[in-house]
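Everything on this sheet refers to the single structure shown next.
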Amino acid sequence: MAGQTDMELIKNGIRMDGRKPDELREVKIVAGVLDNADGSCYLEWGNNKVYAGVFGPMECHPRHKQKADRAIVQARYTMAPFSVNDRKRPGLDRRSTEISYIVSQAFEKVVMVEDFPKASIRVDMQVVEAHAGTRCAALTAASVALADAGIPMRDMIPSCAAGKVNDVVVLDLNKEEDNYGQADLPLAIIPSTGEVVLLQLDGHLTPDEFEQAMDLATSGCMELYKKMRHALENSYGGKA
Amino acid sequence: MSNDSVSNLMKGHMESLAKEGKRADGRGINEYRKVKIEIGMISTAEGSAMVHLGKTKVLCGIKMLIGTPYGDSPGSGTMTTSTELAPLADQSFDPGPPREQSIELSRVVDRGIRESRMIDFDGLCIEHGVKVWMVYIDLHILDNNGNLFDCCTLAAAAALSNATIPNIQHGIADKDVKLPINCWPISCTFGKLGDSVILDATSDEESVMSARFTVAHDENGNLRAAQKGMNGSFTDAEIREAVKTARASDNVLREALKGIQE
Amino acid sequence: MSNDSVSNLMKGHMESLAKEGKRADGRGINEYRKVKIEIGMISTAEGSAMVHLGKTKVLCGIKMLIGTPYGDSPGSGTMTTSTELAPLADQSFDPGPPREQSIELSRVVDRGIRESRMIDFDGLCIEHGVKVWMVYIDLHILDNNGNLFDCCTLAAAAALSNATIPNIQHGIADKDVKLPINCWPISCTFGKLGDSVILDATSDEESVMSARFTVAHDENGNLRAAQKGMNGSFTDAEIREAVKTARASDNVLREALKGIQE
Amino acid sequence: MAGQTDMELIKNGIRMDGRKPDELREVKIVAGVLDNADGSCYLEWGNNKVYAGVFGPMECHPRHKQKADRAIVQARYTMAPFSVNDRKRPGLDRRSTEISYIVSQAFEKVVMVEDFPKASIRVDMQVVEAHAGTRCAALTAASVALADAGIPMRDMIPSCAAGKVNDVVVLDLNKEEDNYGQADLPLAIIPSTGEVVLLQLDGHLTPDEFEQAMDLATSGCMELYKKMRHALENSYGGKA
Amino acid sequence: MAGQTDMELIKNGIRMDGRKPDELREVKIVAGVLDNADGSCYLEWGNNKVYAGVFGPMECHPRHKQKADRAIVQARYTMAPFSVNDRKRPGLDRRSTEISYIVSQAFEKVVMVEDFPKASIRVDMQVVEAHAGTRCAALTAASVALADAGIPMRDMIPSCAAGKVNDVVVLDLNKEEDNYGQADLPLAIIPSTGEVVLLQLDGHLTPDEFEQAMDLATSGCMELYKKMRHALENSYGGKA
Amino acid sequence: MSNDSVSNLMKGHMESLAKEGKRADGRGINEYRKVKIEIGMISTAEGSAMVHLGKTKVLCGIKMLIGTPYGDSPGSGTMTTSTELAPLADQSFDPGPPREQSIELSRVVDRGIRESRMIDFDGLCIEHGVKVWMVYIDLHILDNNGNLFDCCTLAAAAALSNATIPNIQHGIADKDVKLPINCWPISCTFGKLGDSVILDATSDEESVMSARFTVAHDENGNLRAAQKGMNGSFTDAEIREAVKTARASDNVLREALKGIQE
């Protein structure tokens, strides 16, 4: 968050990419795109492009990570070297490690882990093109892939960010807004209960703006949730 | 009795206490443990601080080196935060790299400091696009008795407030000056214990709680960074309430931080 | 029945099929699966391509950066090939580093592209001995259903043919130009199945075959790279026959590659 | 392979080091040079210098690499930092990893691995001076060391390269020919059956040239095979 | 050891920091400073500042390091990045690895390792400020921490260095003496038997000077030993 | 009989031999095995030597590169020592990194060479503060039959004495010159076997001894480096006696080293 900037990112209530403050970028979700994975999803969100694949429940490696009374979720978020303008070095950096970790924990709340003692459920998220909001995109795609794999879950987890640009609270920052904006708040919720399973914040929000951002991100998650279910229905339809 | 049974008993006990607004150590659910800050004990560091939060003990040292700025911010200094979970601090800290937890901790502390604009990064530019000060914040956990997030953020803030730019040593100017500080971020971390939410959890409480929520405010009461952690959840209302509680409770840490500047 | 018994049954079945010139999926022994190439889907890459070979799916992205040339070729650009065996592509791809297989794959693909002189390395020199373009070929395996060697080489060739030198972004010239391509290498990979040799093995076939042989030809029908892999063997005659078969069979892939340039 | 070059590497049918196109560099092989290893070999090939040592069959580490029904061969090829003009950084780089891997697989074809379930046979090859053709030299030395160790094998594996310089197909490239030549084709065969267990190719060969190169490399392997057997006989004689 | 220098480090028998040749820097030892560790110690020695913490006897990880008939001591010496003027990169470098290794071995001589088969005793030494002599400081602190943890030992191990500056053998080099001096000889002994469990030497000593340095370092160890016992008595007193 | 029983029998046997001043291989307790030094066998190295100490065999190669000096010694060249415990040398040398033992060995050899000022580091300065020669000493253990410390130090010294500064290749001067050598350090290593102290232990002796002591002397009989290793101890008297013995016994190695310079 650069924070202070003279850049005009909103003009007459319309953002540079033509969206209103409470509008999502276009989202396209396709379930079941990979043959080998037990479940998979391809998601485009604005210009973000993400693949997610799921294997499991399977034996947990390394052994010392096994839990006697439940499965663990081993999520792994990586960005392709060509997914950003400057080439990213392959492998897990500190940012990817943190995201992988908090996403793993978010899923352990909704997956019926207690049904699969000692097992592992592997969730692999590959960001192949990145334009702000990739962790929300990856988490959303992974939820669909888990459902596509038939992994028992309490619910899916939609994830969406709210943010602040030019002192206005907006939904789903695009790349310029992320670079020159004032705050970014990615959120993931369990739609059926409203529980918060992922929340981060970078930037500057007054207490009132925080409340607005929570409201906006929550409504973004609910909108996304519809698209996720729609994608799964299409997929089942297609398979039938 | 097995370890698990003990743990379940402890969990039950702590949850019922919390439901009544009580804690095992006698505190209220939104009460911090005793905090003590010492500064300037490490003469090889540009700034240093030791923070005691109850029995949790963190030493922070600041080093400043000269380097080149990033391409996308040629007029700004840089900052790097790292945490060392020293094996002497906790039996569960393996000498091997305890990567994920340590990285999450470093990154959350880093965001609290960075996003609050505590440090004036533009003031760390020596020669535009060529030479800037690089600030290294190294946090040494010496005794882990819970709530490393708040203790580390506090130690980092205190050490930064104690830091001096080593102009003379590096031949930049003939006088050393204090590192310019814009504002004071304070991090407050909550735990979900059963259906209750508690502030400043001890190690025992951490071992039975299901979710963690950290929020950092600046001195104007605005939010600067937040992080939900662990594999449990908070309700939307709990999160919003915690943020308000943080603003009401962080004065204990803020006072301690002010104390060292007098 | 144990895994081994199943595997032995499958092995026997596939070997007898191959002896009669047949495959489990109905193909002839020297027939490729259906191939499909898409290009330009990644806007952050200088070039990109997705290749589907049957159910095998590989995404390739090209990045070009500016760097210094090697001491022994001061007038030439450089090229680096890496493969990511993403865990989502195959249950057996561990998140940990699957070093040897991945390195062999990268190096064989690299040799096919490099030794064919597909890229005009001298055309990538910006300032002799000082500044050259570095071409990074990053291959992302998304779905592994066999024959990654040919699918990756094809994806690399397609992505390179789609690539543009980012002169404007790096302030080198005021116009971006296409990456100059000299020729088109095609890699053909054979498997030894019992006493038969088959082209373009699926994962199932790979799991029961004993040896692998890859040969890359340029468009003039000359050999540019080869590699025998796995712990079985080929007879001298099988190798020489495979090389001839490759020249006769690689037109399927060559056509697909030409298709994208129109 | 630089490929195009004006450098005259062959003149009147004679190469710069005085060899004819189908002539090997001088090869010296000594078996049993090390005391600790179960079998060992020192080999000079032109100016190349290689030590090979073998231990086993022994318990396989790490465990997860064990095979229930056979031994595995763990070959390791490394170059000493001082073996080349520019100091090489110690440790396994990508090239060494690839060579170690394909050499391990070549030996699994000839060693009686089925006689030693769960075991490992360790083959260590140390190149202490390198002048083109070190993988062939290392593989050849390792064969002798395996025989010296008394490891049951179907046969030894001689290895030799053919190549192309100034449009002529030649045997066993030296360093200048490797740097400025047009193709290099290292080959390893099982002499008793003619089977190919290792084959690589870099460079440019017409179909006819490929056939010639295969012929030439094969004859090089057979010539080497004699020297290998001779070395072992000398060694047994010496020990008797 | 820079060795040759014109710098006058001793003048009229008095060192630059006011000490006599056979005088230790000031040493302050506090036992039991950490709450989590089974035993701990904070030690200031001149401007050196060291924390030591001990856990164990506990199960030994990794398993393959277990000894069937005794415990092992896993000592780990690290320096904080801010402990020196130029920032030290975090983690174990070669020097720290060597010190950790020889300190582990020194303690295995005095800890009753045979009483705890298969176990591990972990000793962690964190140097937070460094001004020459940190290995002696760390070893001394670790001895106190082991005693504080109640680990059965034959004796504690005091450690102290002698050295040579301006051709004079002196006790306990400070930073300038270490940088511009001629020799450094860190020693650790078992006071009750006089056995040497750690000895290193860098620099230049004549045979006579070596004898003097051994005498001086030994007397330094004995002086330190008193301070160590005093610190433990204070600690027990404080706890009672 | 179990391995441990065999080892205990061997230990007892060797200890009683040593008590009588004898060794299993017939040597006296302060006697070196036969030593043989060859030099100059590696033409790609700036200097090289192979040392045979009994059946222990170490090959050392010297490489010299041009680099920048350290900030605190702008007029001095640098030196780096590394050891490769090649798996072919000993069944117990794992291909994985045998870190601690190898690092101790490298560092003790390094100190012996460095602290003796064998190399004239100031003579390795090409341009003050800018360009110096970096000397790399790489030790390849080929056969480990005990006492690597002395064998490696001897191999390093012999290879250095054989080394030439590659001025021509690096365009520094039009003549290559010998690396200037100031003096000759010799390392002597003792083992504690029961209550006896022996010189130049074999692998068998090393497997049953409890402590190791290495001391390096220069040719004037002054001490330059020392190291006590392993988890046993020496008495103060044993250490002092060993140092005297070293001075009396190191002439065997010193003669061998002189031999190669003639």
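Read from first to last, the chains carry the letters A, B, C, D, E and F; within each, the first residue is number 1.
Here is the rule we use: contacts are C-beta pairs under 8 Å (C-beta built on N, C-alpha and C of every residue); 3 or more make two chains touch, one makes a residue touch a chain.
Keep in mind that this is a model prediction, so the values were computed, not measured.
So which chain is farthest from subunit F, going by the mean of the CA atoms in each chain?
A
Report back the single chain whose CA centre is most distant from the CA centre of subunit E.
Result for max centroid distance from subunit E is chain C.
Which one, B-E, A-B or E-F, has the same contacts as A-C for more than half of its contact pairs?
B-E
Quick one: report the Å distance separating subunit B from subunit F, using the average Cα coordinate of each chain.
It comes to 49 Å between the two C-alpha centres.
List the centre-to-centre spacing of subunit A and subunit F in whole Å, with centres computed as mean CA coordinates.
Going by mean C-alpha positions, subunit A sits 58 Å from subunit F.
Between subunit C and subunit D, what distance separates the C-alpha centroids? Give it in angstrom.
26
Out of subunit E, which residues touch more than one other chain, so two or more?
none
Could you pull out the residues of subunit C that touch at least 2 other chains?
If we look for residues of subunit C contacting two or more partner chains, we find none.
Quick one: label the inter-chain contact graph as line, ring, star, complete or other.
The chain contacts form a single closed ring, each chain touching exactly two others.
Using the touch rule from the top, order the ring's chains starting at subunit E and going via subunit F.
E, F, D, C, A, B
For a test of understanding, state which residues of subunit D touch subunit C in their complex under the given definition.
By the definition above, subunit D touches subunit C via 1, 3, 94-95, 97-98, 100-102, 104-106, 108-109, 185, 189-190, 193-207, 210-211, 214, 218.
Contact residues on subunit C for subunit A in the complex?
41-46, 48, 55, 57, 59, 61-63, 65, 82, 84, 86-91, 94-95, 136, 138, 140, 142-145, 169
Please name which positions on subunit B make contact with subunit A in the complex.
99-100, 103-104, 106-107, 111, 115, 117, 213, 215, 218, 221-236, 239-240, 243-244, 247
Okay, in this complex, where on subunit A does subunit C touch?
Interface residues on the subunit A side: 34-37, 40, 47, 49, 51-55, 58, 61, 74, 76, 78, 80-87, 90, 122, 124, 126, 128-131.
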